[in-house]
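Which chain is which? They are A, B, C and D, in the order written, and residues in each are numbered from 1.
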Amino acid sequence: MAAALGDPVRHALESVLDAVRDRTDGDVASYIPELATVEPEQLGAALASTHGVVHEAGDVESEFTIQSVSKPFVFALAVDALGLDEVRRHVDLEPSGEPFNAISLDEASGRPRNPMINAGAIVMTSLMRGDSADEKFAVVRAGLERFAGHDLLVDEEVFSSEASTGDRNRALAYLTRSAGTLGSSAEVATTAYFRQCSLTVNARDLAIMAATLATGGVNPVTDERVISEDAARWTTAVMTSCGMYDESGDWMVRVGLPAKSGVGGGIAAVQPGQFGIGTFSPRLDARGNSVRGVATLELLSQRHGLHMLQHHGASLSPIASLSREGADGGGDTVAVLRGEILFAEAEEIMTRLGPLVGDHGCLVLDFTAVTRVAAGSRKIFSALPETVGRLDDGRARVEVRDPDGVLAGPSAG
Amino acid sequence: MAAALGDPVRHALESVLDAVRDRTDGDVASYIPELATVEPEQLGAALASTHGVVHEAGDVESEFTIQSVSKPFVFALAVDALGLDEVRRHVDLEPSGEPFNAISLDEASGRPRNPMINAGAIVMTSLMRGDSADEKFAVVRAGLERFAGHDLLVDEEVFSSEASTGDRNRALAYLTRSAGTLGSSAEVATTAYFRQCSLTVNARDLAIMAATLATGGVNPVTDERVISEDAARWTTAVMTSCGMYDESGDWMVRVGLPAKSGVGGGIAAVQPGQFGIGTFSPRLDARGNSVRGVATLELLSQRHGLHMLQHHGASLSPIASLSREGADGGGDTVAVLRGEILFAEAEEIMTRLGPLVGDHGCLVLDFTAVTRVAAGSRKIFSALPETVGRLDDGRARVEVRDPDGVLAGPSAG
Amino acid sequence: MAAALGDPVRHALESVLDAVRDRTDGDVASYIPELATVEPEQLGAALASTHGVVHEAGDVESEFTIQSVSKPFVFALAVDALGLDEVRRHVDLEPSGEPFNAISLDEASGRPRNPMINAGAIVMTSLMRGDSADEKFAVVRAGLERFAGHDLLVDEEVFSSEASTGDRNRALAYLTRSAGTLGSSAEVATTAYFRQCSLTVNARDLAIMAATLATGGVNPVTDERVISEDAARWTTAVMTSCGMYDESGDWMVRVGLPAKSGVGGGIAAVQPGQFGIGTFSPRLDARGNSVRGVATLELLSQRHGLHMLQHHGASLSPIASLSREGADGGGDTVAVLRGEILFAEAEEIMTRLGPLVGDHGCLVLDFTAVTRVAAGSRKIFSALPETVGRLDDGRARVEVRDPDGVLAGPSAG
Amino acid sequence: MAAALGDPVRHALESVLDAVRDRTDGDVASYIPELATVEPEQLGAALASTHGVVHEAGDVESEFTIQSVSKPFVFALAVDALGLDEVRRHVDLEPSGEPFNAISLDEASGRPRNPMINAGAIVMTSLMRGDSADEKFAVVRAGLERFAGHDLLVDEEVFSSEASTGDRNRALAYLTRSAGTLGSSAEVATTAYFRQCSLTVNARDLAIMAATLATGGVNPVTDERVISEDAARWTTAVMTSCGMYDESGDWMVRVGLPAKSGVGGGIAAVQPGQFGIGTFSPRLDARGNSVRGVATLELLSQRHGLHMLQHHGASLSPIASLSREGADGGGDTVAVLRGEILFAEAEEIMTRLGPLVGDHGCLVLDFTAVTRVAAGSRKIFSALPETVGRLDDGRARVEVRDPDGVLAGPSAG
């Protein structure tokens, strides 16, 4: 009877939505006539976990145009396809302290300040494979569909509006073109970019897209690898620094979830390794961020300690127990390890247990209850057990018990 | 025979130092004559874990002036004492995209752009308790000593140099004073600030200071709580956004360890929840960051996956096993949980096990092998076990086994 | 035998050209391939007086593209056609302290900083009458031809180059378009602007164009009124503030001739009321100003005191003589006035002679030797002679002798 | 009976004051408490001609602090004493497009943008002779007294206020000090500067000070040379470019009188070669300019054509008459010249009369009615009469009649 227990995550989402629902400040985007027709009271949030379950609350099925929320994902496609070095020839990765439509081009290099402002985002789109706007947009769309896990449609009316009112974006394209950083003609880049911004999504889609970054590049619902782990990390890092325009620093202090908003009313937020969240509410604040989307993420972060830099209190030691085996004093020492072993846990284990390696009995490291040994931390154990030599009775001084093969890495998990 | 196993963390540090030792680019700081006399070949690194062990390599005992590395720690003291809201009345928290000595004052509010640039740092010092420069400096010094775990001395010659060449900093003080954001007279603020910058530390100290942020505010060597968890998180967040001046975005992409450098040659870097690193090497790049310190942190991060946003591969499920107890089919279901339970793990547990709550037999959640349940995640379990009712035989439908009391929080850990 | 006397102005020009001819620094413009093919050694200067004589020295017949020298003249056409208020809705008139291709748009109003930078110049062109680029360009061309006094041709190869490399200018057009200050589509504005910049002129043309501003809007060679006096004054004022980009202030200190340069190598300079100068020499300094053109104007200004703010030494009094007429003491007083009577001279005349108006004899003001009474100064004399009453013998107390009618204004001149 | 004629210039001033008297917008300066106590309704204007007569209207005797109106005069003292090159090592001369208290320091050179903003003005004061603030201020005061023609007093209460609220100015001093462009300690410079700003003047004083620039450096009332002609021209040039802060370009278009305002309510304006105007009215607009002072100057300029670039209509020819002397056809040709002969007039004379030099009879140039030959224009006549040779009868081909010696320059005037 699951009903009895319910879905506490959905309850958490619903409770937060209830708390922010009364906020009526802000205005729906009006710079494009099409956007102004949206029903302003809509409010929805979804959380997609890295194991592929999506929890939903409110208007999670309402479709809206993705707009700037597309930026990190297209950046991700660019670095995945071209590598970080090549992409950095075309765009810088520094916060600009400026609004989304800032010009913000480095005078010397001609590179937009970062790929989260329009100038940088248009350059990213221009780097997509293909010559024509149609080809480049096809690559963007296919990529975003893999992030979302299903087909995405273009809102043709919004696209027409974008195209007919997009002179500032055209200006940015021509500027980057003249500075040598645009990867196509200005017309090709802006046409593809306008279509990209006009793709429709819902809060559920954004949650899954964000969760795909949280997993290190694998869509947790479709299990498809969309981008490399490196590309996912770089993308999340750029969202951390630059995702919320000129209040990115404040966002990192208050909320601590790398995020990106769009004037369509959506926000996608990532808790690396944990989950993705998508929110939707059309009314925007002066910076173009969804008022209730921001409030939802802020409250969720506070209530549930979701800040990326949250200290979770002292952890139990990764050494669950330490005991002598065998009836007599000369028996082996068994250290039962547990939990997630990142660098610090590896360090603690080796620091505390290293001195126990000796001539009388074997040190047994039992990894059975360990959930993961992070790749970079395995090197800390790399001396084990071979290099520490053998006991007089021929047995290794150290013995590793690792039935799930966590020491060998995730492929064994 | 610990010698047999050695200290793999120290080995890791030494290996990285060896890799960067040949870098001879950069110049020692010369803007103050005293700084130019340092032995430029010095190179050291230390890593302090959150359980209080410090691993050292190279010149970790060499003393140098802390300079700008003091900034995050004094900001931490300020938010700890005054709260975030009050501090934010005096300083903004946004990356400036500008050099350390940028003027960067918001014209409307008069607030420096962030507390990691000189203008903001001087304002932080001015907010320390006390009226005179001596009193304010005494508060700074006492605070930094608690971060470092021992007494810190002022290099009086560097102080004299700072004071006699510090006109730009005086200008920043007068600017903030005239803008209403400085908390004292300009002379008091700069005198205290010059003394603060002239405090001497070594790489070991910086590692422990950084580790104190990593633990959420408790010095892991002295076990003294220096600042609150909130203050530690806010400070790390500001380091994330603004710590490396105008290359903070790039640093977050490449290294991913919130950090702060000083022209004395030191860098302090934090891996939240894990450890702190201190490095020392006097030659600076054009931005004033230690050339080999930066290289050390970058290489350490790459080799050992220390990037804050590193994806550590798929974790084993927090549900270690799921089995029926009792010989007959009507027995209880036992779910053995394990590892660190943050929000996502709590979500997975409740999502998978919720449907198993029913009328026939009890669902036993065994937290024995769980190392930690994050505070915010406990709410996900808050319905357990009372609200799910009782079986026909009067037993609770859900039973929690938690010998270490991890569900109740760290005080029980 | 004029040959015996020669042309001292031409000699002055030649002497200056000889002095600057050896300067070989700078480079011909290369941003357009077509411009790079020019013969770099060319050097010419012409001075056109407001009475229509042109003095020439060096390569005054060499044709080159007008480029940015067109900007003040198209601004003049715009204010002449639309009035200052309407034009100011589209462009600000403040020096920008920035290079010619600076973006420099006021964020609030969307107005380019001034009409001498590209953004403002493109907006001016967009305000020309007509819908298509062809129509707008036809208006520009016809206007510039009236300034020059003859037909001007487009260098089609330079135009093609401009059009194919003009992405930054297109960007500026789209920016102003999106800001609401462009008077046409971006494509129309830039096409017309590129053609405008590709019109060919020579140094003689520039001298006459500048002289047309110096006369207050009448081409001194063709005697055609091209623009109104107001438009000429406003244009010269904008050249004074903004003509030499980010060294306009320095130019005003050192040279003091409102001027405008172009990357084609030309400069047009105005001495209001006196003359216009055109220079041509292709090699440009880092700011895009002709190296030897600048040197020519600077040296001419110094040698001949042509600085607009030059103090010309104490003038003789406008009262040439003051004498009693008639044999007996009761005769009239005759004041012989002379020279140009601007405000200060009018003030001096009235201040000195006013007390002489009395009951015994008439005060005769003899304007015969006066060359001009400035319009605004006539008001100072407006009380004369009617309001001062009559003598006992019925004669007016003041009598004005003005055979050329200078008091009534230039139409009588 | 002068009363019958009256003083038309005073009438002109009074008429303008009447027209602007009803303007009640703006506020008296309040950043210094002392300034806020001024009687806001005061309104006065004075015009001092270059021949030393001062016309007054309204509250011309009311004393107020000179504040920023001192800036051009102290700049004048600096360039007079040190030369333009040395002064330019300390300050740039470019308009900043920024408010009076802008920081506006060139990052590379450390030079304030111009001497009319506070930073540049403080640097100018710091360059005064002497070591202490008292010595430097004594030089400033003595210089300003020579400009004004009498002793000036310090308003000690305003000085105290300035000194106690002047942190932003102190900041600017320290900034320039750290950048190497301040000529003294920051404390010395600001103390002297605060006293400078606290000197009291009235509208009459400002008119005479401005007139001293108009004459090329000679106080027209005391006949004392205060600064060199070069210094006067440079100063007026800087006022032209930078005098009215961020609306200098607009001011040049609308008013065309180089001017400088102060928050004490005063404005000094110069018509080079003609006169100086001083106005006083305490209420300021948002930029800190006296509302009614600006309106007074704008209306005066419009009504009386005082714009520096005003075209005064076609002048009569400098050749008043051209006739044959002698009964028979072979007689001499007499050209009666007249008025002010600047470059263009010299050019016209030589261009028209040059061809008349021949073998039959002498060309007589009669300069008797000429009021002035500008120094730079004399070179145009330099070939006369020697180089044109002699007639068969031994007489010179050209004869100059110049009883007042205007061709030899002002010393003969």
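Methods note: a residue touches a chain if its C-beta (ideal position, glycine included) is under 8 Å from a C-beta of that chain, and two chains touch if they have at least 3 such contacts.
From a predicted model like this one, the values you see are computed outputs, not experimental measurements.
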{"item": "Both-way neighbours, i.e. chains that touch chain D and touch chain B", "value": "none"}
{"item": "Mean-CA-position distance for chain D and chain C (Å)", "value": "21"}
{"item": "Distance between the centres, which are taken as Cα means, of chain D and chain A, whole angstrom", "value": "65"}
{"item": "Two or more partner chains touched - positions in chain A", "value": "none"}
{"item": "Every chain pair meeting the contact rule", "value": "A-B, A-C, B-D, C-D"}
{"item": "Of all residues in chain A, those that touch chain C in their complex", "value": "103, 167-168, 170-175, 177-179, 186"}
{"item": "Residue ranges of chain B in contact with chain A within the complex", "value": "1-2, 4-9, 12, 47, 49-51, 53, 55, 84, 92-97, 113-114, 215-217, 229, 232-234, 236-238, 240-242, 246-250, 252-253, 256, 258, 271-275, 303-318, 320, 338-340, 342-344, 347-348, 350-351, 354-355, 357-359, 369-372, 374-377, 379-383, 388-389, 397-398, 404, 406, 409-410, 413"}
